[in-house]
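What follows is subunit A paired twice: with subunit B in the first complex and subunit C in the second.
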Partner chain A sequence: MLARRILLRLLQSIPTLAGVAVLTFVLVRVVPGDPVAMMIPPGADDAAVARLYAMYGLDKTISQQFLIWAGQALGGNFGISITTRQAVTGLIFSRLPATLELVTVAAFVAVALGVAMAVIGTRFAGRAGEVVVDGITGFFLAVPDFLWGLAFIVVFGVLLPLLPISGRADPTQASGLSTEFTLIESFVRFRWGITTDVLAHMAMPAVALALPLAAMIARVLKSSLAEQMGQDYALLSRVKGFSRWHVILAEALRNAAIPTVSLTGVQVTFLVGGTVLIEKIFSYPGIGSLAIDAVINRDLPLIQGLILTFAVIFILINLALDLSYAALDPRLRHG
Partner chain B sequence: MSDDVLAIENLSAAIRNGPTLLHEISLRLAAGEVHGLVGTSGAGKSMIGRCVLGILPAPVRVTAGGIRFLGKQLVGLSERDRRAAGASLALIPQDPLSALNPSRRIVSQMTDVMRLRLHLSHAEAYARALAMLDEVHIRGPQDVLRRYPHELSGGMRQRVLIATAFACEPRLIVADEPTTALDVTVQKQILRLIRELQRKHGTSVLFVTHDLGVVAKICNSVTVLNAGRIVEQAPVADIFLRPQDAYTQALFAATPRYDRPGDTLRPLPADFA
Partner chain C sequence: MNLTRRGLVAGGVSLATATSLMPLRAARADGGTVTIAYNVGLPAWDPTVGPSAVNPTIQAIYQSVFDQYIGQNPDLSFTGGLVEKWGWNDAATGIWMDVRAGAFWHDGSAVTPEDVVWSLTRAGDPKGGNPIQFIWGNLSNFKVNGQRVTADAKQYDPALFKWMAFLTGYVLPKAYFEKVGPEGFEKAPIGSGPYMVDAFERNAFLRLKANPKYWGGKPAIDTVVFKFVTDASARVAEIESGSSDVTLEIPYEEFDRLKKKAGLVGVTTPVSDIGMIFITNVDPAMLDANVRHAMVKSVDKKLLVDKLLRGYGVPIDTLEAPQYEAYDPSIKTPYDPTGAAKLLAASGYSKDKPVKFSIQTTRGFKPKDYEMIQAIVGMWRKVGIEASIEVYEIAKHYELRAGHKLDPAAFYNWGNAIGDPTTSTGFAMFGPQPNSAWKSKDVDALIGPLWGEKDEAKRIAGWKAVDKYVAENALVLPLLQYVQPIVHKKGLKVVPSVSGALLPSRFSRA
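For the complex of A and B:
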């Protein structure tokens, strides 16, 4: 049952990916800007320019280019990056783990903080505690993630130099690992010195990404918690003699979770998008900063590969989301 | 009388910075007595129940008066003391669907209160839940305990809630329109069931309803409310035979009668509605 549902969803995502591929392919080629112009020195002769165009296939029509690219892509070859001359696939896979780890940590921080604020706000509904929570979430929502990033650099990197402001790990420490999942690998291999170092590097970008999301989670969860707390079962639970904390955490939270879970899923995809700026600010070596460089250099094959990677991540997040509803609500399990 | 289970004395409640919802309500409930609270929507009958249970909506406050339950003053207690004092209180709610948590099995919703109030072990609470379901005439109780609320019928859910309400041997049950959300045939069964268990356990019941027929069947005495004020308070026979107040008379006149052919429906006069 479950396997069939997953398979069906994955099949449904094929046309989506094809659409994304066509759209980005055309878009990056029709907007002004020229990868060859970025490479050649001023005053290069026309013959050399023409040779470069031919070398990257840019002298062909867009549809011809697309067919060549699609044929190779189906075989797993997404071309060679124009700027770095490395295979796009290899380049993305070497940088993807850093972004996945950053997004995962940011999502955890956002969920933990958001749920905590929602629960506290609900517990003190109609009192000063709720006003404080609403004020904090409003402030977190109003300031965008990159501004948080810059503010953190000033405060915790410069004024109180507690945390590293750039990179992913101290290069003298992070060696001897065999994958790019530095955080996970160092943790399971008991090299916790590296784990703490990686977490210290992640702290500021992850929290900067997390704060606006945490505020959004807190808002949505708090309003559905308020609705659940007005349900008769919550009142009955209080009549039974359970404390408000118990009623919120053990009764209402699970039922209030579904709208929040769907919001969180959608917002985590934005989080992945948010890494583009945040990674650049913190010189964090993930696919976000790679994407900015690719766009600046008009590195067409790399842009194409990165956007497809983002699309696959979005599709997988949404799939995980759909599956989580049934786990949360027994009424959705059959039929 | 100090042997009253419940004594509400001059109770007033109001929305903060807003209108007064209850005006100097007084009523007494002896052990084993069923007392009806009747009135139209907004008359304050459910609000009295919620005052007694200590689950007032956030902006509503008790502004004066007191509630003595088993000789203990409930008004002014801290939330913690209030929970402790409520050990012999229970609620049969109006809507049996929303009163059961959709994501928890029946068994955990029945046993949690027994484990909290009676300090029973898992196994003891399970055995007691089975016994209580038997008391409310549910067949196949093991199967029912395994189910989620949405897998039971409305009448079944209300039986589960009644079983839960009686499980900890409460001295007072607030029944908040317990039959309103049910269809008519089930209403009768549920009413009979509450009556049966109430007699068997000697429990006092504060029965909130807008249905005078229900009052006649189940209550010993009645308080008629209008706009948060008591308009009449009497044993049930007196109310039905000799309604004193004009509002009570209007309520009776508005009840359709099948024994008067050609009778039309009469709305409450405008100054009461």
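For the complex of A and C:
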């Protein structure tokens, strides 16, 4: 049943991806600026320029270019990056783990912080504690992630300085790892030095990404918790003598979680998009910074591949969300 | 809840404690390691193919790993590279080059004249993807005799050897490249330069080790790390926190602040990069010489440099910077707003009835580019010119310029790391070139004969005459020569280059 549902959702995503592919392909070619114009050196004559256009296949019509690209893409070949001259697929797969690890850590921090703030705010509802929590969440929401990033660089990178400012790992040290999932692999292989180093590099960008999301989670969850705390079962528990902490954590939290999970899922997709700026600020080598470079250099095959990658990530996150609803709500699980 | 709170606090303290030592360890300029917070990433390793090959900012990295045919000193003068001596034959129909003996590739094999021939042949192949193929394709019929390489030239090109120290002018290892192929070369590049690639993570960092067998002697710094930090504020933080030892291309305000800090040193040098405004002869207003002259006369370049760039810039009157070969200090286009207003009045324009056109500019691509154009538009407004500003991306500029579709005025920066007039005034003003914006037969007639002029003194004099003609007719608006700011830790000696290439092989311990 579950497998069938997953399969159905994946089949439904095919037209979505096809639409994204067509739209992206056309858009990146009609906006001004092309990669060949950017590499025309001083002294190039018209023949030299024409040769470059032909070399990159840009002398053909957009429809011809698309058919060629689509034919190759169906075979798993998404082209060669113009600026790096590497296969787009390999390039993206080499950078995707860094972004996935960053987003995962950021999501973890956001959920932990958001839930903590919501629970504290609910526990101290109507008292000074709630005002403090509301104030903090408002502040977290008002400041965008990239500003948090810049502030962290100043405070934790320069003034204190506690954390490294750029990159994903100490470039003076050899990692000796075999995959790009540096955090996971180093953890699994008990290479704690590398794990600590990677976490240190990830701390500022991850928390910068996490704070606005944490605030959203806190607000939605706190609202749901307030509703649940007014329900008969919660009142009954209180009458039975259970503490407020107990009722919130052991009884109300699970029931209040569904709208929060929904929100978190949607926001995590935005978190992936948010990595573009954050990775740029922290020179973090994920697909976000790769995307910025691709756009600046008008690396058309790479832009195409990256947007499709983002689309696939969004689809998978949404699929995971649907499945998590079922896990949390027995009514959905049993039809 | 107590547990959770305690856990959170404990976790935070643990993380801070665990990570607090990391940046300090990286910050130490221990032994022979120097970390550079560099302003661009390295997309690809082959320095002769693709967009990276013509990106001037990346050349410092390429020049650290690969040797050029001909080398260049910090003042733009030329020196022996893998080619020790060079010249044209007496009839100027071909060239000769003496390849350096005793140079080695990073895999230990010797650099041979065949490597030079193979590199030049590959560069000149129309299907090879070298963006400068139109220069290298001039050579054919290579012959090797001992260490000497000769070749026929389709036409005399006075700047040919200068190109050998410029974009794509690199010698690559024939045997190794053929063995591993282009993809293998990208994964494990080797050159014959002062540094060898030790580790490379795209868009993150590049770690280089000194080449102990370098023909020019082992570099003073054993290990060099290029951290690719493309955000200027992050580069400032890198040097200020001590995480990096050197950085460059930071805002001048930050440069002035950082150079006063204990432990840091700031150095500047004018570089071979100028800011200019292209004038495109597509708009009727630009065909009016009075309007063009008024545009030039009404811009106070010194004020722009002093107020916007904090003095870090050199006002210029032609497309030749003072270090370029055809620089002529006698050509002047003085600031004269009164004269500008009179010229406009002669064409029927005034502050009440201004001449109107648009000007394009980048924003943030070069220091204060947009602010500079805003200031210029303000200066123009005072004399009777009303220009509307359009901000565009640099990619759009290239496309529009190649299609001769730029707005009547367009801001741009023009680099010329070999200082030859062909690669500044020549390509910027010669009509048949896709890079020129002002296309006119009178200028082309002046430039045309200079491309193949064999008498060097006559050639340079000819280019000076072109610059004078361009200035007298206000066909372009040169603004300033940029100054490159570099900040480094005390105890390190950094030699800046007019070409703008920050070469670690020129670093040493002070």
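Rule of thumb we're sticking to: the second predicted complex is superposed on the first by the 331 of 335 C-alpha atoms of A that agree within 3 Å, B and C clash if a C-alpha of one lies under 4 Å from a C-alpha of the other, contacts with A are read in each partner's own complex, and residues count from 1 in each chain.
In the analysis below, a contact is a pair of C-beta atoms (placed from the backbone, for glycine too) under 8 Å apart; a residue touches a chain by one contact, two chains touch by 3 or more.
Please read all numbers here as calculations on a predicted model, not as lab measurements.
Peer 1: State whether subunit B and subunit C clash or fit side by side on subunit A once the two structures are superposed.
Peer 2: In the superposition, subunit B and subunit C stay clear of each other.
Peer 1: Tell me which partner A:R189 touches in the superposition: subunit B (first), subunit C (second), both or neither.
Peer 2: The answer is neither, since A:R189 touches no partner chain.
Peer 1: State whether A:I296 touches subunit B only (first), subunit C only (second), both chains, or neither.
Peer 2: It touches subunit C, and subunit B stays clear.
Peer 1: In the overlaid three-chain picture, which partner chain does A:R5 touch, first (subunit B) or second (subunit C), both, or neither?
Peer 2: neither
Peer 1: Contact-wise, after the overlay, does A:D197 reach subunit B, subunit C, both or neither (first, second, both, neither)?
Peer 2: second
Peer 1: When the two structures are overlaid on chain A, which partner does A:A37 contact: first (subunit B), second (subunit C), both, or neither?
Peer 2: second
Peer 1: Could you tell me if A:R254 is touching subunit B, subunit C, both of them or neither one (first, second, both, neither)?
Peer 2: Touch status of A:R254: first partner only.
Peer 1: Quick one: subunit B or subunit C, who's touching more of subunit A?
Peer 2: C
Peer 1: In the superposed arrangement, does A:F242 touch subunit B (first), subunit C (second), both or neither?
Peer 2: first
Peer 1: In Å, how small is the closest CA gap from subunit B to subunit C once the two complexes are overlaid?
Peer 2: 16
Peer 1: Can you list the residues on subunit C that touch subunit A in the complex?
Peer 2: It is residues 1, 4, 8, 15-16, 18-20, 22-23, 25-26, 33, 35, 37, 41, 43-44, 46, 49-54, 126-127, 129, 131-135, 167, 182-183, 186, 199, 201-205, 207, 223, 225, 227-231, 233-234, 237-238, 240-243, 392-396, 398-402, 416, 422-423, 426-428, 432-435 of subunit C that touch subunit A.
Peer 1: Could you please specify the touching residues of subunit B with respect to subunit A in the complex?
Peer 2: 53-55, 58-59, 79-80, 83-84, 86-87, 89-91, 93-95, 98-104, 109, 112-113, 116-117, 148, 150, 161
Peer 1: Of all residues in subunit A, which touch subunit C in the complex?
Peer 2: Going through subunit A, the ones touching subunit C are 32-35, 37-49, 51-52, 55, 81-86, 91, 94-95, 112, 116, 119, 123, 150, 153-154, 157-158, 161-172, 174, 196-197, 199-200, 203, 245, 249, 280-283, 285, 289-290, 293, 296-298.
Peer 1: Mind pulling up the subunit A residues that touch subunit B in the complex?
Peer 2: Per the stated touch rule, the residues are 125-126, 231-233, 235-244, 251, 254-255, 328-331.
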